[in-house]
Structures are given as C-alpha cells and as structure tokens.
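Chains: A, B and C, in written order; residue numbering restarts at 1 for each.
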Amino acid sequence: MAHASYPLTTEQPYPRRQWWAAATATEVSRNLVARDILGERVLLYRKEDGTAVAVSGICPHRAFPLEKGRLVGDSVQCGYHGFTFGPDGACQRVPSQNGVPQHATLRRYPVVERGGVVWIWTGEESAADPALLPDLAAIGLDAPGWTVEIHPVATVEARYTLLIENLLDLSHVTFIHATTIPSGEKVAALPVTVEARSGGLTVARKAVGIPPNPLIKAQFPDQDALVDQEFDAQYMGPCLIRTGGTISDHASGKALGTQNFIHMITPAAPGRLHYFVATARDFGHDNPALGAMNLAMGTRIQPEDVDAISAIETVLRGDAPLPREVSARVDNGALQVRRLLEAQIRAEALAA
Amino acid sequence: MAHASYPLTTEQPYPRRQWWAAATATEVSRNLVARDILGERVLLYRKEDGTAVAVSGICPHRAFPLEKGRLVGDSVQCGYHGFTFGPDGACQRVPSQNGVPQHATLRRYPVVERGGVVWIWTGEESAADPALLPDLAAIGLDAPGWTVEIHPVATVEARYTLLIENLLDLSHVTFIHATTIPSGEKVAALPVTVEARSGGLTVARKAVGIPPNPLIKAQFPDQDALVDQEFDAQYMGPCLIRTGGTISDHASGKALGTQNFIHMITPAAPGRLHYFVATARDFGHDNPALGAMNLAMGTRIQPEDVDAISAIETVLRGDAPLPREVSARVDNGALQVRRLLEAQIRAEALAA
Amino acid sequence: MAHASYPLTTEQPYPRRQWWAAATATEVSRNLVARDILGERVLLYRKEDGTAVAVSGICPHRAFPLEKGRLVGDSVQCGYHGFTFGPDGACQRVPSQNGVPQHATLRRYPVVERGGVVWIWTGEESAADPALLPDLAAIGLDAPGWTVEIHPVATVEARYTLLIENLLDLSHVTFIHATTIPSGEKVAALPVTVEARSGGLTVARKAVGIPPNPLIKAQFPDQDALVDQEFDAQYMGPCLIRTGGTISDHASGKALGTQNFIHMITPAAPGRLHYFVATARDFGHDNPALGAMNLAMGTRIQPEDVDAISAIETVLRGDAPLPREVSARVDNGALQVRRLLEAQIRAEALAA
C-alpha cells in the first residue's frame, strides 16, 4: 500500500483512547459475533441478563477464532480444545485438566450501550470514561422527544479517514447524490462557515428562502411557504459526525423541526471501516412513513458514498503515482479536522 | 504474514533432509502432474515401465511450467519451445539445434514408492536413504496382514505445523469431532501419557472398560462385552503421524484388532500443506463394508480438521495482534514435538 | 514478486521516452475510459472535434478516479466534487468557489493517432516527437496499398518483456500454435538469421520450396506451384514487433504478397501488459474473406500466447526457486533485444 496513512501525516492511523461504535444493539445477542476493530479481533455477545460483552476474539491457547465456539452460560467455550473464558476475560476451565494455566486471559473491552449502539473503548481500561462519548443526547440519539432509526451497518474497503473527509465536504452532494438527495444539486454553491465547538468542529451551510421540496413537504405537510434548511457537517470526534440540521420557516425564522443524520465511523483495519448510520428527528413522531423514508433514503444514498470512498481507496492502494494534493477553500473545515485528528493521535503517542 | 514461522522459533519453516509423501500411487500416471512441495514445483509422472519419476517442474530455458508439456517416451517435452528432458533430468534435445546447451538440467528428486504412496526426498540426492522413511510396515501401511484404504489428498491453506499440532492434541476430538467420531465426546477427559520412541513420540490415551459403540460393533460384531480402546497420536517424523490404536476385550485384555489412521503431512509452501490419509486395519479383511466405512468417515472428519487449521492460519496471517500463547498440561507432547522439529531444522542449518 | 525484473537486469522495468499504443481508435470516444499505462492511470477521450486526448486519470483534489466523472464539452468534470479540467490538463472550475487553486493540473500526455491506433508519449512532453514512432508506413499500418484489420485488445497478467521474448523466438510456433498456424509445426526446424536494422533487429526464417498450404491457397488462389514463405520477427522498439513476411513463387522468386502481423505491446504495470494486434496485407484487397480469416485466426492464436506468458508470469511471481536460465542458439536474437532494451532504459536513467 503505497500511501498507507493518507491523508494523515501520522504513523499510527487511528487514536485508541476513544469510544467507537462496535455494533448496533440488535447485532449483539446470544450468538457469538466477531468484528475487526482498530485491527483487533473483538468478540461480542450478551450475557444471560442481556448485558453486552466485548472480549478479544482469539483464543490464547492455539489462536483459534473464538466466534466458532459457543456460549456456555455467560462464558465463551473455544471450539477447538474447549478452553472456557468468563465475560471478564478470565479462563475458567480447561477440559483436560483441573485448574487453569496462568496468563490464560482474554483482553476485555469496556462497553457502554447507548442510543441503540454498543460502544467499546479501545484504550487502557482504566481510562474508559463514558463521559468521553460524544454527546448523543444533544443530537437526538439518546434523548426524549426524538424518533430514531438505526440503519444496517456497512463494512467498506476504505480507510476511515476517507469517510470523515467525505462527510465534511458536503459539496460532494451535488455530484454523488444529485438525484438521491432532494435539492442536493444546489449544495455545492452554498456559502460555508466553519465553527469550532467543544473540541469538535461544524462546517455549516444554509439554503435560505427555498421552496419546500417534496421531502420537506412530506416532513412538514402544512408548510407551503419558503423555508431555510441547514446542511451541517458536525465533527464530534473521529467516531461520529452529524449531518443535516434544522428546517425553519423563512419568513418567521421559526424552527419547523430538526432532522439529523448520525454517522458513526469505526476503523476496522488500516484500510477498512465500519459505517453505522442513525437518523433522528424531533418532529413527526406519529408518522411512521417518515422513518421508512429515512431508511429507504439510506439504502440509496449510503452506497453512493461507499462507492466513492472505495474507488479512492483503490487508487491509494495502487502503485500509480498520486498527483500532489490540492484543496479548495471549502475544504478548510476538513483540513482543520485532519489536524485535530493528528493532534489526538500524537498526544497519545507522547503519553504512551 | 505477521507470524510466519509460528509455532516454530526457527527461520526455516521445514526440514529438507526428509522423505515426504508427494502423491498417492494412483495420482501418478502417464499424465504430467505438478505439485508444490516445500515451496518447490515438482513434476511427477511414470516412465513407460511404470517407475515413478519426480523432477523440477520449471523449464530452465524460459521458466515455462513443464506440466503443460507432454511425455515423449520416458522424457518430458516442454510445451513452449520443445526442450526435452529425460527422467534423470538431463536435457536430451532442443528442437532448433543439434546438441543441447550446458547446464540444461532439471533437478531430480529421489523417489520411493511404498504403501500406495509416492515419496520424494527433498535433501541432497546423496543422502536419500530409504531406511530414513518412517517404518511403514510397523503401522500396517506396507505389511502383510493389513487391509489399507488410501484416501484422496486434500491441499489446505495452512502451515503444516498446524496439522501436526492438531493431531498431537486429540482433546480437540471432543469439540471438533464430537458428532463424527464415536465416543469422541469423552476423549478430552482421558488421562494422557507421553512416551518417546525411536526419535518419535507417542501421546497415548486409553478409554478403559467402555461399552462397544456402533463403530466397534461394526468392526467386531461378536464383541458385546466391555472394551478398552487406544487413542494414540504417534509422531513418526514431520511427514507422518499415526492415530488410532488397538481395541481389546476389557476383561481378558485380549486384542480384538488394531485400526490405524495414518496421516501423511507434506508442506506445500510456508502457509500451505498437502494432507494424505490412509487407514490400515489388521482384522475384518473379508469385510469390504469396513473399508467403505473408513473412507466415508474420512470425508466427514477430515474437513472438520481442515476447517479448524485453516481458520487458525487466517488468524495468523492477519494483522491482528496475537495473544501470548498459553498451553495446557495435555500439550506437553505437542510441545516436545515442536522441539524435536526445531532441533531437526537447526541440525540441517548447522550441517549446511 | 520474487523475480521482479526478469529477464532484464535493470531496476526500472520499462523505458519512458517512448510512444506506446494506448488504445485502438474505436476505443476512444466521448465516453471516458481509463487505462493503466507504465503504472500510471491514463484517461482517454475525444474532444467534440474528434481529437483524442490523454490526461492523468486521478483528480488532484481528493484522488477520485476521473473516469467516474463526465465530459462537459471538451473538459472532464470530476464525479466527486466537480473539479473540472480542460483537455490541456488545466483546472477550469471548482464549483464551490470563484477561481481555481494553484497547481490544480492534470498531467497531459502527447497523443498521435495513426494507423487506427491512439499512441501516447510517456516521457517529458518536450521530447515527444512523432518521428520517434516506429515506421508504420513501412509495415503497412499507415500506408496506401495495404488492407488492415485492427484486432481487439487483450490485457494480460504478464510483464511486457515476456511477450517480446515470445514473439522473437518463433520456434514456439511449433509447440504452442502447432494446430492453429498452418505449417507451424515446421517452424522450429528452420534455420535462423539475425539482422540488426535501424535500431531494431530482425530474426528471420524462411521456409523454401514448400507446397502452398490451405491458408496460402486462400490468399493466392492461382498459386499451385511451390512457394517460399518468410517467418520474420522484427523488433522495431519495445512497443512494436512485426511478424509474418512475404510469400513468393519458389521457382521465379517473384513476390506474391506480404502478410504482416503487427504486435503492439504496452506495459500496463510491472506485471501486466496490453496487447494490441493489427494485420496488414498488400494483396487481396477485394477479398473480405481474407480479413475475416485474419481476425478469426487472431481469436484462436492470441489466447495461446496469452496462456503461455501468463503461465510463466505465475511461475515468476511464485516463491519457488527458479532454475538457472539456459538459452538455445536460436535465442540469440531475443538476447540481443534484451540488451537493446536494457541499453534504452539505462540511457534514460543516465540522462535523468
């Protein structure tokens, strides 16, 4: 891979002292499931009381992948020679002997289940503070008064930073999503502001005084007058970007409602990512057609982004020489996020 | 490949001064066949008198794979420009000229055909001593009084040591083969003895005083009383492990018969192996149903082991960090075999 | 890839100050097409006036592959964020702003369209002299009095030098094409002369006084007497080799006509090539069956060569140790061409 860390200039491709979306809540069950996260193999399951568990997915006895084993109560039994580990990672039983070998332990990942998502902490266990999660309540993912849809996860052959860059430059909407996002063809021409907020950053666009398009009509059937529509891209950390925003009546400035698209990004490996999407709105709670519409839009829009960043990943992995990168003024926000991310990774390296 | 030589600590992954099963007797014919062995491309065929021949499979003229050529009498004619080589590897003819170039020679591998298997020697030709073959007569593969079945070969994406380790820790039978090996679910709990024998090593288990299961009933229809059953794993060198053993009447101790499973393991490349199996028994010679049963068991059991070691190979080749290896007391035999194998490889390096 | 530059002893696998066939004329249209050439991604299209254009196929903004964009007039618009580049490679427009960033330029490749083929120059633009193209008129590709067929391109997983070597040692015809090239079975036995000509080299064979085979009868229906047939292999540079030659009446020496096979070879990447073939004859212009016959022969013969060189590429990429190369006397021409090619590559390295 010729351009292994592009667009970052750091050696380590991702921060580890970080919460990441590991799975949607419905993916984690009494069936063992393995997922690569930050290049590690993580085993996910639920205890009999429903609590989600995340431990290392490789048996320390003979490196057998543990998802091929089975659950015995709250413990995982390896499918090869039967080594059995509790949800705390400690070896509880070796079938061929009494007692267990020293050091026969699985790494345990701290878990928080919130907003329909199972989050794991990939740094040292002692530093795992749920307060370091992005403020999910503020964006409607874990708050009263919001209706949420959790979309199915996509695993993509692309470094996670390509998805962060994608979401932070919404001028791509005009080209990639011209036919799938209503009024998308106009986004590239909107003026942009960049605002740093609480360790994060928002790239904001606003369409002002536009006639309500069919999607807005579906969301707010009584609105015939002109509206203002926000096209935010809010970086809340490497694990989460919010897009969307508030739609308001143009004349009065009164908010009609807020529709957020919550993009949860998890590095699977240096060149692969998991992409979780949730949609959250603070209006139309009794209208299930809006949720169905959001899910249907997701199945049309998400593949367009996946295709784009996979195509770039293929270019980056190839041996063809790359042109010297140029940026537009509109890339200012994305470039600031690159520096935030690099600073986070470098701070970890210094602390280690 | 992050863990290229695991579980060995040597650089060279396999010994070369060694006989290896190259093919079953029926695979070698008047049609050219190429097989990768120890990372080399070996061409196998029979002379007109039936003698098996093994030579290098790459033409020294322009690196064309010789199995795409054809046999002319006892010689191989390259399919590209017609360079022709005798069974001793010497170039005999170049169609475009009189005489042959110097050094136009194929490497020749010493061959012994024994027990329904074509064995080749991968060390220096002068050291190729058939006496260095494992004692095939002792295990029923090349001896009067035994009935033998030769199973079809499997080529597996796994380093050959994973298969050696698999066979030497039969506690896996309880988990991998619980439903396919009669009484297999009890193997992990049997006590184990380890006995060094003539440069090899036997990990022995014995089920004592068990009722004859359906397989034993099929093998010894007159036996209704309790039996003792051996579950040996006998390492006879890196190329061959015998499992199985003798079934005896529990009360009298009288042997009813011996059923051996003969596992012939040949490294194809650092991460790939050929797996040859033969079954040999010294009873029931006039009962062809027993042979059919052995072959049918093979088609069910062998894929379970192949799946297990391929899954480990995938883990080893991945970039995920591996946990520090732990072993059970029952692994003692397998760990001794690792050291035997490493010593064999190191001795070669010193002698070279 | 263990033998990355075989059979060359240079580090750089190909010369760059060179014209190469990039596409047949019919492949280049108002649809964007990308092709890997010398490890670079080249974008090909036609302007509205029909002129062929070749520019770099990777957007310098965010490395998006430009063939996924679209043509706007004579310009290419990137499919991701809409950066738009003219046929001279200069950035003309960035949708989100007025003006364009500095250095936002695509590399432009000089193009000549000749003989039904679009040729590009991969060296510095200032050195791109159409006079450095092989003399296409001399071999009937771009000359009055010749009838030409352009065959469909094949992209082959093999280093381009393997195809050069293949074409320069036509003794392979006897083995690879014995059934598809009339009288091919006799080629290996014909005496060979090697003649250096104008920076190139011709390996010549002539079948003398042979009865006209069915192909010759189809080409020259009135010829019943014995003929002489040339089997030339003329290296005119790394991009082009001519095979075939003149067929004459044996008794009088009078030429009946010339049938050339024009092989245009373009490195795609270190281990991959594009193979363009044209057939040209100076007789039978009013007999379309001869053109159809040439195209049909191509679809049978070309895959035989592709299979052969792909098989060698697989051997070269493998980890198996290669035998020390030996050559026949008939390889003299091919060995001289290796040295010509190495000298061309080394001269570039010295000049750089």
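One rule holds in what follows: a contact is a pair of C-beta atoms (placed from the backbone, for glycine too) under 8 Å apart; a residue touches a chain by one contact, two chains touch by 3 or more.
Keep in mind that what you see is a predicted model, and the values were worked out from it rather than measured.
S.K.: Since chain A and chain B are copies of the same chain sequence, what is the angle of the rotation superposing the Cα atoms of one on the other, rounded to the nearest 5°?
M.R.: That rotation is 120 degrees, given to the nearest 5.
S.K.: Taking all residue numbers at the chain B/chain C interface, are over half used by both copies (same) or under half (different)?
M.R.: Different residues, largely: of all residue numbers at this interface, under half are found in both copies.
S.K.: Taking the mean of the C-alpha atoms as each chain's centre, how many Å separate chain B from chain C?
M.R.: Once rounded, the distance between the two centres reads 48 Å.
S.K.: For chain C, what residues touch not just one other chain but two or more?
M.R.: none
S.K.: Considering the complex alone, what residue numbers of chain B touch chain A?
M.R.: 6, 165, 169, 171-172, 174-176, 188-189, 192, 308, 311-312, 314-316, 318-330
S.K.: Spell out the residues on chain A that touch chain B in their complex, using ranges where they run on.
M.R.: Against chain B, the touching part of chain A is residues 36, 39-41, 56, 58-65, 68, 78-83, 91, 94-97, 101-104, 106-107, 269-270.
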